[in-house]
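The structure's right below; bear with me while I get my questions together.
The first chain written gets the first letter, and so on, giving A, B, C and D; residue counts start at 1 in each chain.
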Amino acid sequence: MNFFILSLIKVALVAFVLLTTLAYLQWIERKVIAHVQLRVGPYRVGPHGLLQPLADVVKLITKEGLIPSHVNKLFYLMAPFVAVTLALISISVIPFGPEIKIGPVTTWMQLTDLRIGILFVIAVSSIGVYGVALGGWASNNKYSLLGGLRSSAQMISYELPLALAVAAPLLLANTLSFREMVNYQSGYWLGFIPRWNLFPEILGFIVFMIAGFAETNRVPFDLPEAENELVAGFHTEYSSMNFAAFFMAEYANMVTVTAVATLLFLGGWQPPFPAPYSDVIPILVFALGGLVALYHGLNPARRMDKFTLPATALVFLGIAAIFGLSLFVAPLKPILMALFWFCGKVLVLLFVFIWVRATLPRFRYDQLMRFAWIGLFPLAMFNLLATSLIVALTTK
Amino acid sequence: MTALIFLIFAGIAVFCGVNLVVQTHPIASALSLIGVMGSLAVLYLQLGGEFIAAAQVIVYAGAIMVLFVFVIMLLNAGAETPTFQVSRFVKYLGAILLAFFLGLISFIIQGALPKSEGVLFGTFQGTALDVGRKLFTTYLLPFEVTSVLILIAIVGAIVLARKEV
Amino acid sequence: MNLWLIPILPLLGFLANGLFGRRMPKALINTFAVGSVLLSFAWVVKTLFGLSPIESKYIEHYFTWIQSGMLNIGVDFAVDRLTAVMLMIVTGVGLLIHIYAVGYMEHEGGYYRFFAYLNLFMFFMLVLVLAQNYLLLFVGWEGVGLCSYLLIGFYFTEQFATTAGNKAFIVNRIGDFGFSLAVFLIVRQFGTLDFSKVFDAAKGMPSEPSIGILTIITLLLLVGATGKSAQIPLYVWLPDAMAGPTPVSALIHAATMVTAGVYMTARSATLFLKAPVTMDTVAVIGLATAFFAATIGLAQMDIKKVFAYSTVSQLGYMFLGVGVGAFSAGIWHLMTHAFFKALLFLGAGAVIHGLHGEQDLRQMGGLFKHMKITAITLFCASLAISGFPFTSGFFSKDAILVAAYERAPWMYWIGVLTAGMTAFYVFRAWFMAFTGEYRGHAHPHESPLVMTGPLMILAILSLVGGFINVPHILEPMFVEKAENQSLAWLSAGVGILGILLAYVFYVAKRGLADSFAKAFGGLYTLVYNKYFVDEAYDAAVVEPLLEGSRTVLWRGIDAGLIDGTVNGVGKRSRGIGSILRLIQSGNIRSYAAWVVLGSIVLLIAIGFAGGLR
Amino acid sequence: MVPNAPVPLSWYLILSAILFALGVAGFIFRRNIITVFMSIELMLNAVNLSFVTFSYQFKQVDGHIYSFFVMVVAAAEAAVGLAIILTVFKNRATLMIDEVNSMKY
């Protein structure tokens, strides 16, 4: 199994999983925001709106992508392309699990590991600005130009605190590759507290998350495509597939940011408790999920629930059984465990993203910029200095 | 493998370079410059300059060129209208002359350099660790001086570009 | 025996008068000036008696003045018989002249200044005499030159005084130039300047038949001597030096300074003996000067000029003596000359003082009854100088003439002829001044005792001086020449003949002199105008020098060359600037082109210079 | 040229020379200030390439550090240069080099 075929398989697997999660992320976001605002969210298309993302994709593809005449055609088309590609590139560096053996092949649950992995991600995110900037400029109207400028200015300003926040854990782990970073975070203090960077770098984590919000133009900082002020910001002129591209780019960025956050601060695929106890938790979680769904299925609030809820309960219990089974099947256990913990952490952080979008109001532009340079940047700098002081004093 | 990658990205770099000079609209030349920088980053990786490749992308493509794109967008500079129409003959002559000149230079460089061994990806890794160690030991003074330089540049830029209140 | 006290006392006198003279009354100035010389004289006497039979040289070293490489020059004084004689002359005659000057300078302006310079002169002369190496001697040598300049130019308000001062100083400098070259050669040859070391080394060297290193050194020393002691080529300054007050002429230009040359020659006798060529030149120069000056003296009308030329002539005698090897005779004549020449000058001073500044012999006459003492003392001096038997002049001059005869008979006969002339012009002056009726219109009066006192002492000395047998005193240093009585009497006879002739010309037949003058018209005017030597020097040296520096140096080089280049550079750079200005076209692209062009040229240059490997 | 064979070092330098020549051409022939400015950045990049090439040849990291400093200086220069361009545009409302020639003699 030479290198090409193996990496092709891995790429296909990761691409499929990533694209579906992007689509369903859209669904999760709409359901969560709806339930936060005490409304139901999409539930017509498919059970509980599960097929809604599919419907959206079909809509966007079939819609007629009209290209306005006054637009600078080349850059107009290039902008969404650039935004999407750059957003998706950085997934290639992110490790999902430890080294695993499947049959004759032993490989890492990771597309590739660069010795400068973290720098690579930062580099890609810093180039991401061009997609937005060009989009704004190419569509050749005042609002999109202003939107493009503001969002790129915002992304640049928050790139600095992001980089500084990332630098702090680097000092601790003294490495630039994700794999070594996660290995550094294995092991436990006092037996049960996991050695995650989160605990020594709590300030770094907060700054990283906030900068992450800004980097992906998410709610508190999503002024540029705020509907009420700038119509749709830089992607006002875009229709169908290009518009979908920008949307997908945004969610891909979100996933990237959360993945990097888990790898740097939450110990990647390291379970929070030592091995024997942590193996049980996935089983418990899915079993619990299945029972809840079963209980609601038995006294349904709505007509269709009688059938859909028991079905989900069945799925959840099945997964719990698989996890239980994997305890005994040696090769399977590390894969499932790693995947469970990694995806669990990422989903938690995504939930935070969506949760923040549902609750926090929007920043005004000057508040946003001032917060970056006067609030976040000094904090990140202070955190970096503190960490480097501790590192300098402790290491010989 | 290395040669293939070199040929590809060298081709891209040269193409973007020519594009930069030939294009009338500044935004086009800005993007072609970014193309050059990207391909150079790859070549740096080949030459073992990991940290420099990342730095190139982050600093050059990610920060400086953004400044350029910003200024071009803000000033909304139109395409350059060539004031003097250079006759077609002169263009070709210029091209030939340029080609000859480059040939001469490559011959000289070829002659000048000792028959050193070729470049293979991975033979020399200038990791961030080595660069960092050397940067903060032997090159500490230039490091501090450049930081002062940047400070001066920042202050200068602000003062120059500030709107007269 | 701390010899240093001898020169230091006059120096203290100089400092006292020089610094505070303005505010001190005349009496206090006198005590300081005369007192210091008196004490110095007393100390000389004490030391000479202390050392009494000065068999060997007594040296005292004070401190090392110059220590560089192998050259080591110390400030050290030495006394031997020669120095003893010189010390006695300098301090003794100096003291008398100081006393006389008190009276003479009574109502002259700048009283303290005069005595300050006089004391300074005494200090330098004593340093010169006591010096134990050439450099210290040279210090004294220069010092006396300076003081003579200051004192000649004492009446600095008068034009002729200042020009005379300049002339004296410049001519002396020429002589000093020769002297310093000699000193350099001595250093190169012997590696030291100390007299004893140099002479010991010189003794070992063979005497040089033709021009050798020693001959050159001695010739250069001779040049210095001629400058200082006013011999043939460089004597022109002495007659003009009469512009200074008379005591100055007496002290400096008769007794002490002018004899420095002779003393130096005597001091470096061992060097001169090794160079017979130089000895002959010294003798010839001496004789020529003596004869030449004597002829000029015949026709002078100014009393001080007559005595000035007589000094030059007598110095010629001394050099003749030294030249023929009779060093002791030369020194002897130096001593006796100091006595009677000082007396002659002081007497003349008394006469001028009496006539309130009148110096022309034609305005004098018949002063005998007004100034008896001056007349008599001057008469004794005249007898001495003309070599009247048993006077001091007789002994010393004949010793020289006898030695000259041994060397070469023709020298003796010219010497005798000059002696005759000397006698003639001295008595001519005496008769014109003191006999006949008074032709001037001032009313002469006798000088006060403070002036006539020294005159009387000097008169006694000039009559009796001859019996101080100097050759006998200097016997251990210089071999003594045999005495030859017949020649001595012959020259004395010629002297008396000269006196009678003068009597006939100026007393018996008063008109005879004038008729003679008319008879030899051309010759007379030639002699009267001092053979137009001054005019010749002016034409030959001074004018071309001044003219040359004005046209060639000032106009040619300074204005033309230097200013030319400076202004030229300025103009040229402005020209280039205006050309370069065109490059600033304001067009950024042209700048860019220039930048690229420059770098390409640079690259090519490096390529060729470095050479592509 | 088997794709996997090592690339002779001189090729990188030749590429650097070509890029530099292009930069110089742009620097001289273009009239828009920003484009001129960008061709200068191109020249700087060409220099960086030769730095890294030589550091590869001598197997030392110094070349990287030099190119790092070149980047820093280029950043500072870009900042100030663009500020100047802005002010020039504000005062002269033009970006054409030839119209900005008041520094005449």
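Going forward, contacts are C-beta pairs under 8 Å (C-beta built on N, C-alpha and C of every residue); 3 or more make two chains touch, one makes a residue touch a chain.
As the structure is a computational prediction, the values presented were derived from the model and not from experiment.
Asker: Using CA atoms only, can you tell me which chain is the most central one in this structure?
Answerer: Of the chains present, the most centrally placed is D.
Asker: On a CA-centroid basis, which chain has its centre farthest from subunit C's?
Answerer: Looking at centroid distances, A is the chain farthest away.
Asker: Any idea how many Å lie between the Cα centroids of subunit B and subunit C?
Answerer: Taking the mean C-alpha position of each chain, the two centres sit 92 Å apart.
Asker: Distance between subunit A and subunit D based on Cα centroids, please, to the nearest Å.
Answerer: 37
Asker: For subunit A and subunit B, let me know how many angstrom lie between their CA-based centres, rounded off.
Answerer: Measuring from centre to centre gives 33 Å for this pair.
Asker: Whole-Å distance, subunit A centre to subunit C centre, using C-alpha means?
Answerer: Measuring from centre to centre gives 117 Å for this pair.
Asker: At least two partner chains per residue is the criterion; list those residues in subunit D.
Answerer: Within subunit D, the residues that touch at least two other chains are 31, 98.
Asker: Enumerate the residues of subunit B that touch no fewer than two other chains.
Answerer: As it turns out, subunit B has residues touching two or more other chains at 51, 63, 74.
Asker: Could you pull out the residues of subunit A that touch at least 2 other chains?
Answerer: Expected reply: no residues.
Asker: Can you name the residues of subunit C that touch subunit D in the complex?
Answerer: For this pair, the touching residues of subunit C are 581-582, 584-589, 592-593, 596.
Asker: Can you name the residues of subunit D that touch subunit C in the complex?
Answerer: Per the stated touch rule, the residues are 24, 27-28, 31, 36, 97-98, 100-105.
Asker: So in the complex, which bits of subunit A are touching subunit B?
Answerer: For this pair, the touching residues of subunit A are 75, 115-116, 119-120, 122-123, 126-127, 129-130, 133-134, 136-137, 145, 148-149, 152-153, 156, 159, 176.
Asker: Under the touch definition given earlier, write down the residues of subunit D that touch subunit B in their complex.
Answerer: Checking each residue of subunit D against subunit B gives 1-15, 17-19, 21-23, 25-26, 29-32, 34-35, 37-39, 41-42, 45, 48-49, 52-53, 55-57, 59, 61-65, 67-69, 71-80, 82-87, 89, 95-96, 98.
Asker: What does subunit B use to touch subunit D in their complex?
Answerer: My answer: residues 1-4, 6, 10, 13-14, 17-18, 20-21, 26, 29-30, 33, 36-37, 40, 43-44, 46-49, 51-52, 55-56, 59-60, 63-64, 67-68, 71-72, 74-75, 77, 80, 83, 98, 101-102, 105-106, 109-110, 113, 116-120, 124, 126, 130-131, 134-135, 139, 142, 146, 149-150, 152-154, 156-158, 160-161.
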